[in-house]
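Chain lettering (A, B and C) follows the sequence in which the chains are written, and residue indices restart at 1 in each chain.
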Amino acid sequence: MREGMRKALLALVLLLALGSPAGALRVSDMLGRPVTLSAPAARIVSLVPSVTEILFALGADDRLVGVTDFCDYPPAARQKPSVGGMVNPNLEVLVARKPDLVVATTEGTREETVAQLERLGIPTYLVVAHHVSDVTALVTRLGELTGRRAAADALRARMEQRVEAVRRAVAPYRRPRVLYVLWPEPLIVPGRDTLVTELIRLAGGESISAADGDSYPRYSLEAAVAKAPEVILLANHGAHTGPIDRERWQRLTELAAIRTGRLHQVDGNLLHRYGPRVADGLEQLARVIHPEAFR
Amino acid sequence: MSPAHRLITLLGVLAAVLVLAGAVALFVGSAALSPRAVLDAVTGRASAESVERVVTLSIRFPRIAVAILAGGALAVAGVAFQALTRNPLAEPSVLGVSAGAAFGVVIGQSLGLGPGLLQAAGLTAFAFAGALLAAAAVYLIAAAGRELRIQTLLLAGVIVGIFFSAAITVVVSLLDFNRLGGVIHWLLGNLAPIPPRPLALFAALLAVGFGLVLAHARELNLLALGEESARQLGVHAERLKLVIFVGAALLTASVVAFAGPIGFVGLIVPHALRMLVGPDNRLLVPASLLGGGVFLLVADTVARTIVAPAELSVGVITAFCGAPFFVWLLRTRYRGSV
Amino acid sequence: MSPPLVELRGVGFAYPASGEGRAHPFRLADLSFEVGAGEIVGVLGPNSAGKTTLIRLLTRVLEPATGSIVLEGRPLRRWRSAELARRVAVVPQGVPPQFPFTVEELVLMGRYPHAPDRYFETQVDRASAHAAMEATSVLEFATQRLDSLSGGERQRAVVARALAQEPRLLVLDEPTAHLDLRYQAETAALLRRLNHERGVTILLVSHDLNLAAEVCDRLLLMAGGRQVAVGPPEAVLNEALLATAFGCEVTVEKHPTTRRPVVQPTWRADAPSIGRGDAPTTKGG
């Protein structure tokens, strides 16, 4: 949504809010579903690690009463009570946290879980982010939901500045073909409408799978090799993808990327999550794709 | 004691066990609720929005109901298939129907979220469609002209099951990374609370399936004499086979659609009850309804409490129980009958 | 003369030809004979003569392709299944393997045609089953599982099951196959007792020509799906007829005590078909 339209809608919502029972908040989540809160969210359960990160970054973590087992950043998030995994959160534990808002994602949380929460009458806010603009929009929305609008605006501004800086730094250079290995076996790559693809573009590269499939398609090794990537990036998930996987790729000595030694590991947690560390991830990508821009 | 009295006594005992198990299950779970709190929720003294009320009545109670219904249905389907095929290894999943239903659900889940959410009802419809497809395939393969051949039925069921399992693997391998976790989770077999309307529908479908099997329990005994002898006693063998097939398939498909693919119940419970009650299907069929309910309820209660707050899938518990039970069964039976 | 219990007129049947097309698809052709009430009739013949097919036709497991079968003056087609089962009972050869029921449970199964809509059996059913078990001397085994009994006891239990149907016609399919000599004699005695004391009409299908000769009033000799002869044992158990039907030479003598025919196949040491093909050896060969 355009910034102007967003401001107008917000004004309208506030007007309606003034006219309605004190504190009632009627918003639309990122899928356009209406979500009604009787007051700004005071007890939030986050089923999305990215959202957890943003809430901490906004200083709204005092309102966070439940997280998942995968919410590991910042380290303080691990001190928060867990309601289980992303795919299978424990309903009883979740309900026992008495949340007034649950934030979930369409990419990870099961529909049944969301349906269960709706049936139990717990307001559920769905998020999805395929573009950097979605990430910054998410920051703003979470700011509204928690009454930390000012912090959200500041965070957003910082993120946008860093993105812009990277974009300008790599602008003069030719875009190399980049193979991003989200998962080695089976080979999973980022497709058309994903955050990683856009980050690669912003970092001055072009993903060889940018036009393929939605979301995260599978590639055969042949297809990947046939597109002659000049840079190969192996994504790290936690402590995964050690030296063993590198060897697998090192053996493909016909590939330009291997001959020129442009096989790198990148921290997947910075690039797959749509939180404030996206800017860190982008900078990491850019340094790896265009080291010459950052000397 | 007349057989009717025997049956009533048996059912009475099983029902008592079931109620007891249900009551215990209501008091245990991941949310640490005191017995007092649970009682308050049940008797209506807890406030409408309270945690204990939500957990007890909206989460635990429906889940217990699903476990009981699903367990009973699977056990009855097991008895029916074992009698129909005269094979003690027969089990609901052997007819390929559960693989078909699972395939339907996997397709439904992979088509997944649109602008709105995929309703649970929609997923159930997909499951039934898959089950119907599988059952029809099995029937068509096994029916030669107007006759349903039992040996061919078993073989057809196994083949159809393998086919749909392979189809599921294909879909899973092409599936969007994000949806994968959800689908795999479903395939492991987990019970979840169902809202009242779908629960009522589930119960109604089970009642139909159960009724079909129960009404022919006496004829199922006669089938043990062999089809020809049964016919010479006046049994309408072709009709019987069809009705039992439909009833058992309906029970199986309903369970997979509403509760997911759960194995072993249809194998363990009939055999365990047979050791207690004997081979008379007129006792076994109703007893399995209650016995299966107890078994799956206990298994699910263990599954959701033993590593709390995480949960094991109930299929894991039934399998871990099933394997040693079978070893024991083989060894004692084998020794005893010589 | 009372009307016959069962009448077959020109009955023919053919099993559907199998996929490979057997050279001569099995056919039953032009069978016409009667069974009178109170008779004991034996059906004899080699293996593919059509004896089992005949039983299946009589119990409507199969439908004749040509001709008609009439039971008690009514065409078989017009009988409903349970009704038919109250008139005609078949004693098969034993029970399927791993049969899990007890003797009493087995015998009670015979009561099904009398009240198929009931869930449990009635006192009347139990009394009838009790009587049937008594008649065949298996009452003492009532609560034992069938597979814990000896072959003879098991067979008597199966007969009891058929008796519990209270049929007018009892059909026995090879009742003495696989049984010890002692049980063969017992079975013969049992059949005669049932016939004389209860007036049960009996149709006995058997390989055992001598048992049939002993017990039956009339015999039907079949071969290749056709009837070869019908009549009293002395007439049917004729060396020429038997040789034609069975394809081997026989001798027929009279039993010393009962004066019934006794059939013996001809054992010939020098017959080429008896494969002892060695030439006589000479020492030092």
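Here is the rule we use: a contact is a pair of C-beta atoms (placed from the backbone, for glycine too) under 8 Å apart; a residue touches a chain by one contact, two chains touch by 3 or more.
What you see is a predicted model; the values in this text were computed from it and never measured.
If touching chains are joined by edges, the resulting network of the protein chains shown is an open path. The chain with its Cα centroid farthest from the Cα centroid of chain A is C.
Centroids built from CA atoms put chain C at 45 Å from chain B.
The distance from the centre of chain A to the centre of chain B, with each centre set as the mean of the Cα atoms, comes to 40 Å.
If you average the CA atoms of chain A and of chain C, the two centres end up 82 Å from each other.
By the touch criterion stated above, chain B contacts chain C in their complex at residues 2-4, 7, 86, 217-218, 221-222, 224-226, 228-229, 231-236, 274, 278-280, 282, 337. Against chain B, the residues of chain C that register as touching in their complex are 56, 59-61, 81-86, 88-90, 92, 95-96, 99-101, 105, 109-110, 112-113, 116, 118-121, 147, 165.
Within the complex, the chain B residues that touch chain A are 29-33, 51, 54-55, 58-60, 109, 112-113, 115-120, 173-174, 176-178, 181-182, 185, 190, 192-193, 195, 308-311.
Against chain B, in their complex, chain A makes its touches with residues 31-33, 82-88, 90-93, 95-96, 98, 106-108, 110-112, 114-116, 119-120, 182-183, 186, 188, 214-216, 218.
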